[in-house]
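Worksheet: the structure to be examined is printed underneath.
Residue numbering begins at 1 within each chain, and the chains themselves are lettered A, B, C and D in the order written.
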Amino acid sequence: MSTRIAVMGGAGFGGGEIVRLLLSHPHVSVVAATSRRLAGKPLHRAHPNLRGCTDLRFCTPDDVPQVDVLVLALPHGESSRRWDTLKDLAPRIIDMSADFRLDDPEAYAEHYGTHPRPEVLPTFLYALPELNREALRDASHVATGGCNATVSILALLPLFEAGVVDRTATVLDLKVGSSEGGAVANEGSHHPLRSGVVRPYRPTGHRHAVEIEAALGRSGPARVHMSVTAVDMVRGASLLAHAFPAQPVEVRDLWSIYRDRYRNEPFIRLVAERSGVFRFPEPKILSGTNYCDIGFEVDPSGERIVVAAAIDNLMRGAAGQAVQALNLMMGWDERAGLDFAGLHPI
Amino acid sequence: MSTRIAVMGGAGFGGGEIVRLLLSHPHVSVVAATSRRLAGKPLHRAHPNLRGCTDLRFCTPDDVPQVDVLVLALPHGESSRRWDTLKDLAPRIIDMSADFRLDDPEAYAEHYGTHPRPEVLPTFLYALPELNREALRDASHVATGGCNATVSILALLPLFEAGVVDRTATVLDLKVGSSEGGAVANEGSHHPLRSGVVRPYRPTGHRHAVEIEAALGRSGPARVHMSVTAVDMVRGASLLAHAFPAQPVEVRDLWSIYRDRYRNEPFIRLVAERSGVFRFPEPKILSGTNYCDIGFEVDPSGERIVVAAAIDNLMRGAAGQAVQALNLMMGWDERAGLDFAGLHPI
Amino acid sequence: MSTRIAVMGGAGFGGGEIVRLLLSHPHVSVVAATSRRLAGKPLHRAHPNLRGCTDLRFCTPDDVPQVDVLVLALPHGESSRRWDTLKDLAPRIIDMSADFRLDDPEAYAEHYGTHPRPEVLPTFLYALPELNREALRDASHVATGGCNATVSILALLPLFEAGVVDRTATVLDLKVGSSEGGAVANEGSHHPLRSGVVRPYRPTGHRHAVEIEAALGRSGPARVHMSVTAVDMVRGASLLAHAFPAQPVEVRDLWSIYRDRYRNEPFIRLVAERSGVFRFPEPKILSGTNYCDIGFEVDPSGERIVVAAAIDNLMRGAAGQAVQALNLMMGWDERAGLDFAGLHPI
Amino acid sequence: MSTRIAVMGGAGFGGGEIVRLLLSHPHVSVVAATSRRLAGKPLHRAHPNLRGCTDLRFCTPDDVPQVDVLVLALPHGESSRRWDTLKDLAPRIIDMSADFRLDDPEAYAEHYGTHPRPEVLPTFLYALPELNREALRDASHVATGGCNATVSILALLPLFEAGVVDRTATVLDLKVGSSEGGAVANEGSHHPLRSGVVRPYRPTGHRHAVEIEAALGRSGPARVHMSVTAVDMVRGASLLAHAFPAQPVEVRDLWSIYRDRYRNEPFIRLVAERSGVFRFPEPKILSGTNYCDIGFEVDPSGERIVVAAAIDNLMRGAAGQAVQALNLMMGWDERAGLDFAGLHPI
């Protein structure tokens, strides 16, 4: 019998993407997707790709029935604000917003404002299978990480765990697509202004840094220097991490470290070729997939390690990793519903 | 037991796409994909999306074993030139090139040069399930149509069969992506010259016109005036067909005609909304899908019918429809291996 | 002494472009540019390219002084609504909106609603130098044409005047960039939804058709069938006109007709090469220029003439032709301030 | 009387751009532009923007007459290889290639191979007006800097001269357009593979680093950690420099430092707004201009300074700065021929 799932916030980009994944998931039945604005309308009104794929229509939050799993794809702040009405709708809850990602109310307050329900924070598990797979199997409430945080953590985790880099000096330079800004238009997302840009969008002060430092900090002190630049693509987040060796290191050492750490990971691929066009990770071929591709190079002088990593921000950075977490929580094959290989050329 | 399939010409865009589809097809096993240039190399050397999805490596044409189905994804002219060595490799052959699409050697000669094996032409069936589904079930040798021909035929078939338009006056104005030019770089495909273009690529004399007229000509005389313009996208073909009514016609008549004709078609969707952003077909959300989306509008004066249609040229225009034909030839569910819904936003 | 000019509506795309042109015009001094929203702010707040080029700040409409020439770059409907306060600001007025383009109040009403000041319509001259250069020299009030109308008229004028085409059967298939939608963001212009599209934006019923028919109608009856599709570029309008010969015609005849008609035109270039990448007009190299590039081809069967034409919609389709008209009205060199050659690659 | 100039290597992107600039330069006459491949053909065969702007045709190198100034826009390695035949063609020579940028033959050898004419290296001046304006006024032989080097040096010069940053720890993360790869197509520049990419093109080992360190090294030791990523644009280079303060520093200090250093520079603009869309430098509005836009921000923790800078790589990074150098060498207004403001939107 199918597991019954409802998606709150079904008209946004993350919501549409997880509905799409769940509609073709072998063990799941989507029973509701909410949108106050589009209540009563077919899903393809917001997600034209779903035309003909489902008869489901958007409903209001009040119409959501009791389900097995509740997925929250609401704007930041909504999950915690509406927690009292949400918490009883399902025994398992997956929140894709930032509301329950941090353990520390003070860290939350610094980046998002005072948390309305700090006592709920400890009941949520930050979901990143490569970091805490076993804990996820027992979790009932999980918060999936931010897109930029996810790609950064996955890129750096092996280096920090192996202790081969200066733990406080890493520069994270991210290039991101326009879908990271969400489904609501604004002046900066107007096509004539957004097309073709390389726009320093958050040179300093990005709030995902705290998530990254929390994850990398499990193995010791961790400090990252993060900048995010908007480039001309819709999906995708691409990272260059500039890390500084704590001891002499060669590329073959990196191959060992990354292979050992990610040997059995179904959604990590190592990409560091010596020739050809596709030498390092690129986000565009990852559209629709749950992969995080990771590559690396060492400066000829040995002074710097550059780690390149890429994800589809709506998949591995949001809906895909939510499904990956769901699969673990439910005891299913971790890859269920996530078998799309991605397109080339695209 | 899986049906064993080999793909000749596996390093091109069409070849890569059909290998991708077949790798995840429920009834199929891919036993070989050829590329002389990349023989011995893993498939991801040409198709980076396939990294980690298969251990298969490219082989030379000489290494292709006897199989159940042979798919030819070779450059135009190669299938017919190498026919003697190809024909005995499998009892069923699907050719994605132009070599066996036309029945008439003279029509072929006009657009492609003298056909080296005209006697083979009648043994191939032009594969378009919406046109000749039943014949496909019995076919052993099929030729899939050209991308621009496919979208044009599907857009106009109902109007021509219903006899509501002037059969010799239709203008076909197509906008196509860069992947239509194939995987080999040329001066015009150099990114600085190709990015952002609206380039009249073939204002007159496109060789797909003869395919279109052959298909539409089944119900009477048919003449089309075709132009193709290159625009800034990678995948996709988009058509505006400007047709002239042979009798007064309103939009509701068109709805009846198209609904009646395509009622049970799994890969045709009608898209003609009165409001919203996605009122008419758009190619970008079709990337990776086998759909042909079709919409229409009538000039306020009633003087013209405009039909809009869109496909992914590498899917519905090539590899997707090859799999659809395969499914029919093998007696499988027509949708097997073609269930990807497409991405939004993208 | 410089001619003093004020621009009403200086924060929009057309307004910004004409301010830019006038700032470097040899005979002009820009004394005011209005924006209620940005009053008091430097021009670069709306037009980042103008940073460092001028100390001018936006002012409110009430602050506009008496000037020699008033340029109206207001949203459609504003010029006529505010006519009483505008008309006395300058002896010469150039309106870039649709308000005074049509002579016939009924034609206006059909496409834009009832005209508030129909008696003013006959006092404005529709400005298209290639059509009515001499009249422009004496004009005090001119309305510049719509972008899509301008490229269409220039492409077809020689054929209609020469009487070589069926005057009621021409199909106009236009591909346009996102700047045609203006500077205000909307759902459809949101980058994730607008990037990479081929979106049938106005398959029928485009209101520029009436302008085109008025201009072509000077030499006899004229009927056009117009469709506009949005593609992925910011600037530019590209036309394929599909015309049907009224008599047998060859390409060399077209060369004669177009050369004769446009021999001395400084802003018309004929582009119809037999080889190379840049065989026909393309909008992207026209960015920032006032050119209209025009090419043509005849179907091998002789049944159809295809005319390709391209402009920068904000220049030749708006601000550039406004300056060209200004130059004629003032008796200056028609090319003054319009000498930018355009960029390649871009 | 006009200064007579010849351009060697006129068919490349840099060559086409400098020919365009010189054609509209007030004090210059272009007497020759060479291309062996296109000898005898009009310039618009390679540079479609120049159609109608000049009657000049490409000639062979042998046809170049004695001139006042010779501009070398040849592929790297050609200027030095052909030095004996080039050196006598003009008393003043501007080389846009890498051949004469470095003083040190060993540094050259490390990145480009053994220099064929090391004795010529000291006779060339590295041209960067903001660095060595006075020396340029007396120079007869100058080498313009690399595009990525130019934007990096201009971004960091004030910080290094002011001594406020750790001189060996700066990370340079550049995002560049496809025109940086030149006019010749290759597999990686094929539009289907290049469109939409964020491709780590040179994560380590970029050869412009040595130029940057030489320029910054004038005020003390200098070490940079440079990475270059290809993104989806044609023109433009965008830099985020991550620098680490040697002493506590605030944004207002940076304003002082940059304003003091660049107060009278005609082609440097400081862009660091608190609000609006265009808060920091963006390359796209710089297309066709000679500006280098520079902005900055300090991490809330004070641990890092981020400097953002952008140029048009073909202008400020090549042809524009060559003209700027020419103007200084000839004693003309430094801005002559470089007054284009740039386009918005674009």
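To be clear about the criterion, a contact is a pair of C-beta atoms (placed from the backbone, for glycine too) under 8 Å apart; a residue touches a chain by one contact, two chains touch by 3 or more.
No experiment lies behind these values; they were computed from the predicted model shown.
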Each chain counted as touching subunit A and subunit C at once: B, D
A-B or B-C - the one linked by more C-beta pairs in contact: B-C
Centroid distance [mean C-alpha coordinates] between subunit B and subunit A, Å: 35
Chain centre separation in whole Å, for subunit D relative to subunit B (CA means): 45
Computed distance of Cα centres, subunit C from subunit B, in Å: 38
Residues of subunit B whose C-beta touches two or more other chains: 13, 179, 183, 187, 192, 196, 232-234, 282, 345-346
Sites on subunit B touched by subunit D in the complex: 13, 177-179, 181, 183-187, 189-192, 194-196, 232-234
In the complex with subunit D, residue positions of subunit C that touch it: 13, 16, 20, 23-24, 44-45, 47-53, 179, 183, 234-235, 269, 271, 276, 278, 282, 285, 287-289, 291, 293, 314, 339-346
In the complex, subunit C residues that touch subunit B: 169, 171, 173, 175, 187-188, 192-193, 196-200, 203-205, 223, 225, 227, 229, 231-233, 236, 238, 240, 242, 277, 279-284, 295, 297-300, 303-304, 306, 308, 310, 345-346
